[in-house]
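My structure is below; once you've seen it, I'll send some questions.
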Amino acid sequence: MSKIGVFVCHCGTNISSVVDVYKVAEAAAQMPGVSYAAEYKYMCSEPGQQMILDAIKEHGLNRIVIAACSPRMHETTFRKMLKKSKINEYLLEIANIREQDAWVHPPGEEATEKAIDLVRMAVAKVAKNEPLKSSLIPITKKALVVGGGIAGIQAALDIADAGHEVVLLEREPSIGGRMVMLDKTFPTLDCSACISTPKMVDVSAHPNIKLLTYAEVAAVKGYIGNFTVTIRQKAKYVNQDICTGCGICEDKCPKKVTSEFNKGLSDRPAIYKLFPQAVPAKPVIDRETCLMLQNGKCGICAKVCPVEGCIDYEAKDVEYDEDFGAVILATGYKLVDWGGMYDEYGAGRYPDVIDGLTFERLVNASGPTEGHIQRPSDGKEPKTVVIVKCVGSRDPKKGKPYCSRACCMYAAKHAHQILDKIHGARVFIFYIDVRTPGKNYEEFYDQTRKDGAVYVRGRVSRIYSDGEGLVCQGEDTLLNKQVRVKADLVVLETAMEPNEGAGELTGLFGASRDVNGWIQEAHPKLRPVETQVGGVFLAGACQGPKDIPDTVAQASAAAAKVIGLLNQDEMETSPMIAAIDESKCSGCGACEPICPYRAITLETIRSREGRFTNAERVIAKVNAGLCQGCGACTVACRTGAIDLLGFRNAQILTEVDALWQ
Amino acid sequence: MTDQETLQELMDKADVRQYDCYQCGKCSGGCPMADAMDLKPRGVMRCAQVGSLNRILNSNTIWLCTGCYACVDRCPHDVNVPALIEEARYEAARRGIWRRDSEVLNKVFVANLKMFGRNHEMVLAGLYNVLALKPAQDAQSVPHMMSKKLIGIRPHSIKENGELAKLIERAESWDKLASAPQEVKK
Amino acid sequence: MIRYAYFPGCASESTALSTTLANNFVFGRIGIDLVEIKDWNCCGATSAHTLSEPLGLALPARSLAWAEKNLPELDVVTGCASCYARLKLTNYRVRQDESARYMVEKIIEAPYEAKREVYNFLDILSPADVRGRIEEQIVRRFKNLKAACYYGCLNIRPAEVTGAKDRENPQAMDELARLTGAEPVDWGFKTECCGAAHQNDAAFETRPLARRILENARACGADVILTACPMCQLNLEMRQAEYARKRKDEKRGKASFPLLDVVLPPPEKETIPVLSITELLALSMGAGSGRLRLDVHHVPVSGVLSKGFRDENESEVMI
Amino acid sequence: MAIDKTAGTAPGAMIGLSADGTEASAPKILAFCCNWCTYTGADLAGLNRMKYPANVRVVRVPCSGRVNPQFILRAFQKGADGVMVCGCHPGDCHYATGNYFTRRRFMLMRNLLEFNGIDPKRFHARWISGSEAAKFRDTIAEVAAQVSALGPNTRYREER
């Protein structure tokens, strides 16, 4: 037998000046199940709360309705209050008679009538409320950071500095990501390697960081605070514990393949470090190209290696499970394959039409040309360079609909570098818009124009060869004239897109991606570093095109979130989640695919079914750690076996019914 | 109908939307005829955006566009400028706005077709050069082509040229035909 | 025997004499039967659709409707890019838009459902089995002949109508040229419009289009330009003397008398021969230059022939 | 003032407005609002003191995807003059995909209502975000006007 107490708040005069609160209380008193009704000036105040607690004791109330401001305002306040009483904090309903009544209607009958209706709905609902208990789940105090670019490095260091264990996982043989490929960074023009390599070394030296390179995530189980991740460590064929990193093997290796790191501008051996300052500073054998591993003929590296047993051709990939409490995805970006998109730019058949990252290697002091800008076709120093922006960006037909954000700035940087390094060089930058929304960015653009870069407003329409050099044909839209620029080198500032494999990885963690494949943040403004999956965070360009400052800021933000989580020993989960009535569940599985959190699984149970004492049947199970309580499954359930605690079908229906009693 | 409404109708027929164009200039940049156009493809779209139908109708662009479709092919938003140009050209013709040389050629061409059913180079080029007051245009090639009998006065007419002339007349008066009351469109 | 309904196009009867002879030779050799559409009429390019859409669609539809009725099993092929563009577009529009079909049928006073496909020569010469037949028929291969394959804009675009995948650097003609021993050059104007459509009514404005194509072909080292359309072919070839003079004038900074073009043909190094791809194939299949009437070309093709053939089949050389 | 029914201090029992079931004929509209978007938007409308017709009653649900078509049918059966389902804009769902299901479901819902003899104009599914207070106000006004024009929903009420 429910004994409901209804408490109507005046909210000073906020409510009472519009709604006849006395009348509401009187009407409430007549409602079925209500045994006590009262009004008061400020329900949320200390005396107001005390009044409710007293009434509970005095009248033996077992359910409470508070007619006041929005539940989004004080529901938690009143729940906390109920913890001091004998009543379960979920046996509470709030009737929103301020934001959705007193504040939006003129004083009078109608507003009061509405308030009474809202109270009646709340009363009806609360009568069907049931005590709920939030559960506590333990938290594994270790974080996994996937991706060893600058975002992953920064996040790992921040978490480790806060005293938590971190595993930094990178699939390449070295951490560093895109940033170490760059020569200089805008707008300060400081050397990219000089500021990123010390951080890489910090990672390898930090006692709280375990660095896993040449490794991948193979599988993920679990939920916030309790992930179990299967890690696949690819065979390196070089015993990392005893290798001294002397480099003799790399010098002697007879097999040469195109260097991915140098974007095809140079070769590397089959046993290699990604780049000289690689961390860890020890080589791995690329099994796809190693002669020994492919045909069993060679073995030179093992012969020249001064450390006995260091090279091990028999090494195998290893998979193992590790537990984590939180995960940061920092998988970064890659540049689009413009060759496959832009036939009008030569589709990659002109060696002197290169993308921005290739140019970075070309201009990089530690790159294949030692920083001398030499065009790939004949090694000559280019005198006229055309930079084309928005290649693949802002192009919904052939490329990506979005702006890649960093290109305007690095185009300006490239222009600056060319004009700085090549005496008498001419640089033409074809652009649609110049976007410089960042600290000191516009100033940098100004400087580039002062350096002598000529900005041409118009998108290059096509690039062709005239037998001697490349001709970039486009319109100078400000002159309203077609222009042809004969260029020695063309740099295409191409769009960023999600990194290879980021989609599958995101899927493993159950997070979702947007239409362009970037990982979806939980809220674009207010939860920018969280995914929709509890405990899985994101950092850097995996969420969308980003420059280095933004990436680092986001990495630290994600780290702060992880630290906040790992600082707790255990965490409370919301009890308002889906629950399954096993006796009704037919195991049809309709609910399973509809769950955005993959919280529902089908399981086989044994139970007594009629005359069978040990019958096997399939039912759906809800994982309380994963379920977020959206209730989508309840609608899909054909037998009505799934219901949402706190928002049961019966509770909502009774609210509907209450309106027309 | 106001010019605004006419423009919108032309845009709808051409399936081109003003808002799709962000004026990057890739169309004009690659247009082979751009140098000769007083309104380049991007300009046509710009005029459409600001509602300047008259500038489009009075431009030489609508007569010079060769219909090579390089602009649409490269356009990031697939804006079909040639389709809009084509609709604008029909509208200009309806209003009697012609580029002189184009008017002469096209009318001579159709007259030629009505006569023979096929294109008779001597008649076409000859009549055009006379009517367009360009007697010497391409004259340097005539001796060669005549001597090799590539062109000549022998008519190459089709058998049903009378029928074809009627067909052409039906096509030319299609607007009237289509709106005739007894016709029921499918 | 492969058969097609054939739409020859007006140029086939006049300016494209040598190409027509070569077409007959090549298709005869490789066993493709072209059944001429009876009493075909001009497709109307470019004037008809300049004037009105109904006329632009109705003229090609008349010939296509005849083919559909009388040669219902055959797809249509034409050797001219302009005709191809008009026929293909008519086919496409009639299929896509019921009201266009209604209009066309009313005007031509005949049913037309666009049941069959429209192809150009490159389409029908490219399938592997046809290439095999061509290869079988080739008796001599060119030596050191660098060819710039010019496809023409209308053979390729608009993509939604033609279905062409690579619109900037297509390869079909390059592949065919390779069969004859010619080496296709990588150049930038394969599908750039040559302006043939407006060579009468905008002669001054279209001159630069053809000039740019010719100059890029020469700059990229081509000895010959190959075309797949008699209109392109004529337009690229006819005024080369004029362009050569203009080039000279531009260098000297003053104008010379135009009539010189007739009296004093420019030296051969100033010009570049333009052949249709079928002419090249015919030559490689053993046809003599006399039989193909290569003398009708405005620019002498001796440059191509003087490159000679590889000595693999010397006995069959008939030039 | 406090009223303790158990203590028998309750004043007259006939104060309720609908005690005899003959309430005034102003249409009553039921709105199922997603807690994260529309409910927040409605609160914001209050915060901004926007005015809209008083005949709407909001039922708070965690997600528009939680709204079972059964709820809507029940409301109409009970005599609701109009029913709205409001959630986050497609793509903005707090729960990733919930509102996509809503959208698909309520396309079908309209047909079902029509089949049942209820004018589909009485049913509206709208996307209103937490920041769109003005849109909430305008939507309520619009739906209220539309539903008023249709007159009371008597389809099932007569048979009650």
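Order of writing sets the chain letters: A, B, C and D. Residues in each chain are counted from 1.
Everything that follows uses one rule, which is that contacts are C-beta pairs under 8 Å (C-beta built on N, C-alpha and C of every residue); 3 or more make two chains touch, one makes a residue touch a chain.
Remember, predicted model here, so these are calculated numbers, not experimental data.
Colleague: Contact counts by the stated rule: is the higher one at A-B or A-C?
Modeller: Result of the comparison of A-B and A-C: A-B.
Colleague: Which chain has its Cα centroid closest to the overall Cα centroid?
Modeller: A
Colleague: CA centre of chain B versus CA centre of chain D: separation in Å?
Modeller: Measuring from centre to centre gives 58 Å for this pair.
Colleague: Could you grab the centroid distance between chain C and chain D? Build each centroid from C-alpha atoms only and quote it in angstrom.
Modeller: Spacing between the chain centres: roughly 69 Å.
Colleague: Could you give the separation in Å between the centres of chain A and chain B, each centre being the mean of its C-alpha atoms?
Modeller: For chain A versus chain B, the centre distance works out to 54 Å.
Colleague: Between chain A and chain C, what distance separates the C-alpha centroids? Give it in angstrom.
Modeller: Computed from C-alpha means, the inter-chain centre distance equals 55 Å.
Colleague: If I count partner chains per residue in chain C, which residues reach a count of at least 2?
Modeller: 167
Colleague: Give me the residue numbers in chain D that touch at least two other chains, ranges are fine.
Modeller: Not one residue of chain D touches more than one other chain, so the list is empty.
Colleague: Enumerate the residues of chain B that touch no fewer than two other chains.
Modeller: Within chain B, residues 35, 70, 73 contact more than one other chain.
Colleague: Can you list every touching chain pair?
Modeller: Once each pair is checked, the touching ones are A-B, A-C, A-D, B-C.
Colleague: Name, in rising order, each residue of chain C that touches chain B in their complex.
Modeller: 10-11, 13-15, 17, 39-42, 44, 46-55, 58-59, 62, 85, 98-99, 102-103, 106-109, 153-154, 157-159, 167, 191-193, 195, 197-206, 208-209, 212, 238-239, 241-242, 258-259, 261-262, 293, 295-296, 298
Colleague: For the complex, give me every residue of chain B touching chain C.
Modeller: 32-33, 35-36, 63-64, 66-70, 72-73, 82, 86, 89-90, 93, 99, 101-102, 104-106, 109-110, 113, 117-119, 121, 124-125, 128, 132, 134, 136-138, 140-141, 143-145, 148-152, 156, 158-160, 164, 167-168, 170-172, 174, 177-178, 183, 185-186
Colleague: Note which residues of chain B are touching chain A in the complex, please.
Modeller: 22-31, 34-35, 40, 42-43, 70, 73-78
Colleague: Once bound in the complex, which stretches of chain C touch chain A?
Modeller: These residues of chain C touch chain A: 166-169, 186-189, 216, 219-221.
Colleague: Of all residues in chain A, which touch chain B in the complex?
Modeller: Interface residues on chain A, with respect to chain B: 344, 390, 394-399, 432, 457-462, 473-477, 480, 482-483.
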